[in-house]
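Encoded as structure tokens, the structure appears first; notes follow it.
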Amino acid sequence: MNKSIQFDAAGRLRHFLTIDGLNRKLLVRIMDVAESFSSVTEQQVKKVPLLRGKTIVNLFFENSTRTRNTFELAAKRLSADVLNVNIANSATSKGESLLDTIRNIEAMHVDMFVVRHEASGAAHFIARHVAPHISVVNAGDGSHSHPTQAMLDMFTIRQCKGDFSKLKVAIVGDILHSRVARSEILALNTLGAAEVRVVAPKTLLPADVSGLGVNVFHDLDQGLSGVDVIVMLRLQKERMSGAFLPSEHEYFTYFGLTGERLAKANPNAIVMHPGPINRGVEIDSRVADGPQSVILQQVGNGIAVRMAVMSMVLGSHGVANVGAAS
Amino acid sequence: MNKSIQFDAAGRLRHFLTIDGLNRKLLVRIMDVAESFSSVTEQQVKKVPLLRGKTIVNLFFENSTRTRNTFELAAKRLSADVLNVNIANSATSKGESLLDTIRNIEAMHVDMFVVRHEASGAAHFIARHVAPHISVVNAGDGSHSHPTQAMLDMFTIRQCKGDFSKLKVAIVGDILHSRVARSEILALNTLGAAEVRVVAPKTLLPADVSGLGVNVFHDLDQGLSGVDVIVMLRLQKERMSGAFLPSEHEYFTYFGLTGERLAKANPNAIVMHPGPINRGVEIDSRVADGPQSVILQQVGNGIAVRMAVMSMVLGSHGVANVGAAS
Amino acid sequence: MNKSIQFDAAGRLRHFLTIDGLNRKLLVRIMDVAESFSSVTEQQVKKVPLLRGKTIVNLFFENSTRTRNTFELAAKRLSADVLNVNIANSATSKGESLLDTIRNIEAMHVDMFVVRHEASGAAHFIARHVAPHISVVNAGDGSHSHPTQAMLDMFTIRQCKGDFSKLKVAIVGDILHSRVARSEILALNTLGAAEVRVVAPKTLLPADVSGLGVNVFHDLDQGLSGVDVIVMLRLQKERMSGAFLPSEHEYFTYFGLTGERLAKANPNAIVMHPGPINRGVEIDSRVADGPQSVILQQVGNGIAVRMAVMSMVLGSHGVANVGAAS
């Protein structure tokens, strides 16, 4: 895929589709802007007029109430108008093509599409075809990419740990099907994390895992040994009873994060999860609700990071001079 | 249930869950604030900036378009941002617990949950578990409580009749299953109504009815004799063909409000109903649309009363010194 | 139907239900106001405060995501509050009558109903019964009328062609079931188009077609000969396999707009379609996406025209002295 599609001719961020192709400076810039919005969400009046009069369309082909809610709140706190388009009920069900749907909504003078789609590459496809004044933000496409989730995780790690260069990070669970895992590995490597590990059974690892710049572990105790950050992935229920895994119970026995296992990591390691969590499947409740968990902090940071990305792609933050990866 | 949960340490109203435990002074204050908003809804610009930058979440576990609409309009007229969360489609259907759903949404830096739930006590449960900066407003929980409906009815009675101390009020219909009836009886007694009557067949009365501070009637003509206010309850269709009632027709014959029956009440008695009405079941159309009906006035008052409650629990009206019942 | 219902006692536009009964001056005024809003939608801040504090209710009894989106965006760009009421889920499904639903929502101090209904005359019915301060805009009723669609088409024609008095316009397709066709014929004749043609198979023409002020063609090549504007209608899928038409393929063979057929029209003729288009059924993709197509321009104009109508019926544009047709 052509990564430069994310930038305009002047090298400014126009779309936000994937971490791939973004350099360290830009990722840091996103976190810095998010930091400035973090204080906004703690004010009495949680609104800034940056995107007043802009129209942001939530184009969700796949149901994800939580992600849509955070994008909707982020847009409203930037004072934008939000249009939620439920594709299942829309003209596409009258036989209209995706491209005709996009063309029609963009003709309504909208400024941004936030796209969630079950097919990998859908956000890129739309970005390649939209009118020049429109930005596309990827809110998750198939098993490919979920870049705002990756950035809110990076932002949370920075809040808790500061410098990335000394951090060992373990990502645990269904790496194979996880758009979150792919985006996080890219972001962590770009930000210069000391070591990125993936911990998973062989059936839940992609074939090209060795090329991702990670160390692979099949044993959880070994994988967590001495790490500073643990990212647990959600186990999709549909994987549990099939070719991939024998059972929920079996999975928890080998890959569930318990207090005992957490003790293998550094004493001040943080525990992350993109949510919603399956208690007793990938994570024990005492760990999820325990002092090392930053799972709810991630949710709050999700708003700030999405406000940052939305305001940057619509050019309201003057991101000039922040170029693409060389 | 612990009633003091509705107040913060300084004795200010923080949640609005039930009429139980609220004193006369506070109920009068709610009506006074509602009165001030009443004029807002009749202005050209029906908006005040009181809750600008606040985020109000409509958390409806039970479908009720009408109640949600009035809360949504009330919030928008206070300039708040509104997020409608349809629980049926949300993460709870992915197996997430209610508490995890609540924790996640509150982590988005929201300020208020408006909760509608089919289980009695749901709003209290949520109020006991939310973060300190969040307020909960009960929009109806099971057969337990519907306090904003009770307050809009009190407000409507005050508009029409003034002083409560001379009023005889009859509440007619399915007292057993009605959250509205329970909340109204409490409010009327707290406001010092001269007499509160309930009129119902024995199968639709709760066992503890004698402890509610009401006079019980099983005959409609007797129950209406000399009253100033008649509150008709909605008969849920699912009660009509079962153990509770022989038939719709039978019910109307004995408990339906006709013009003839209305004549038993005081000549200037008002007729109320929380809506939606079942014409020809609990009320005759000529009465529902007649000069003594204030049913539509109740709807409009619903917005003003909800604006009052929302602004009070979010502390924008300086309700200090208005304490709980002793 | 009584057309004067669209005007108040002072002759000002109060409802917008049908083109029938509107004079040339008023149609021109709508286009002039839309022109002024056209520039708004191209500004950085696409908002004007004209309807701030007004509440507009989208009352859609029939699903039409696209039309609802354009009304919702138009309302938001006028700074109004929008309430979307999904009738399928609302109190009407609890057995409440349409009139009770309307009475209840109007009691919430709303200012406008935008009505879409599968029954012809529904918007008129509601307009006859709403409170004096409420305006009704018809967003499509059965096969009767779709006046904002007609006006956005007129506005698009004026943008492209200027003067109506020299224009030959062909409307092609299912005239019988089309509310768009009826409204357009009225508008074109009121604006003084030189010739209005309808082109359709006999089974898709209404019995009273001769009384509509059009020339009827059953052959597409003849119908398009020398015209300046071609309005293609959407063919409803349910018409295709029944008494009306033998097949999609057959329809396209005789009435589909191809490049070859388009060549029969004037060289600078424009091609219009209300959308969503059925590619390869009523129109060839090369024509739909070709240089003479103004289909997407229509969509954008839909916002401006709806902003115009909404602001005019709510009296914000001073439309005094623009009376009804004599």
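Each chain gets a letter, A, B and C, in the order it is written, and its residues are counted from 1.
We adopt the following convention: a contact is a pair of C-beta atoms (placed from the backbone, for glycine too) under 8 Å apart; a residue touches a chain by one contact, two chains touch by 3 or more.
The structure displayed is predicted, hence computed values, not measured ones.
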Components of the interchain contact network lacking chain B: one piece
Angular offset of chain B relative to chain C [C-alpha, multiple of 5 degrees]: 120
Same vs different contact residues, chain A with chain B, by half of numbers used: different
Chain centre separation (chain A, chain B; CA means) in Å: 42
Multi-chain contact residues (two or more partners), chain B: none
Contacting residues of chain A [partner chain B, same complex]: 41-47, 63, 65-66, 69-70, 72-73, 76-77, 237, 275-279, 296-297, 299-300, 302-303
Chain A-facing residues of chain B, complex: 52-55, 81, 83, 85-86, 89-91, 94-97, 100, 103-105, 107-110
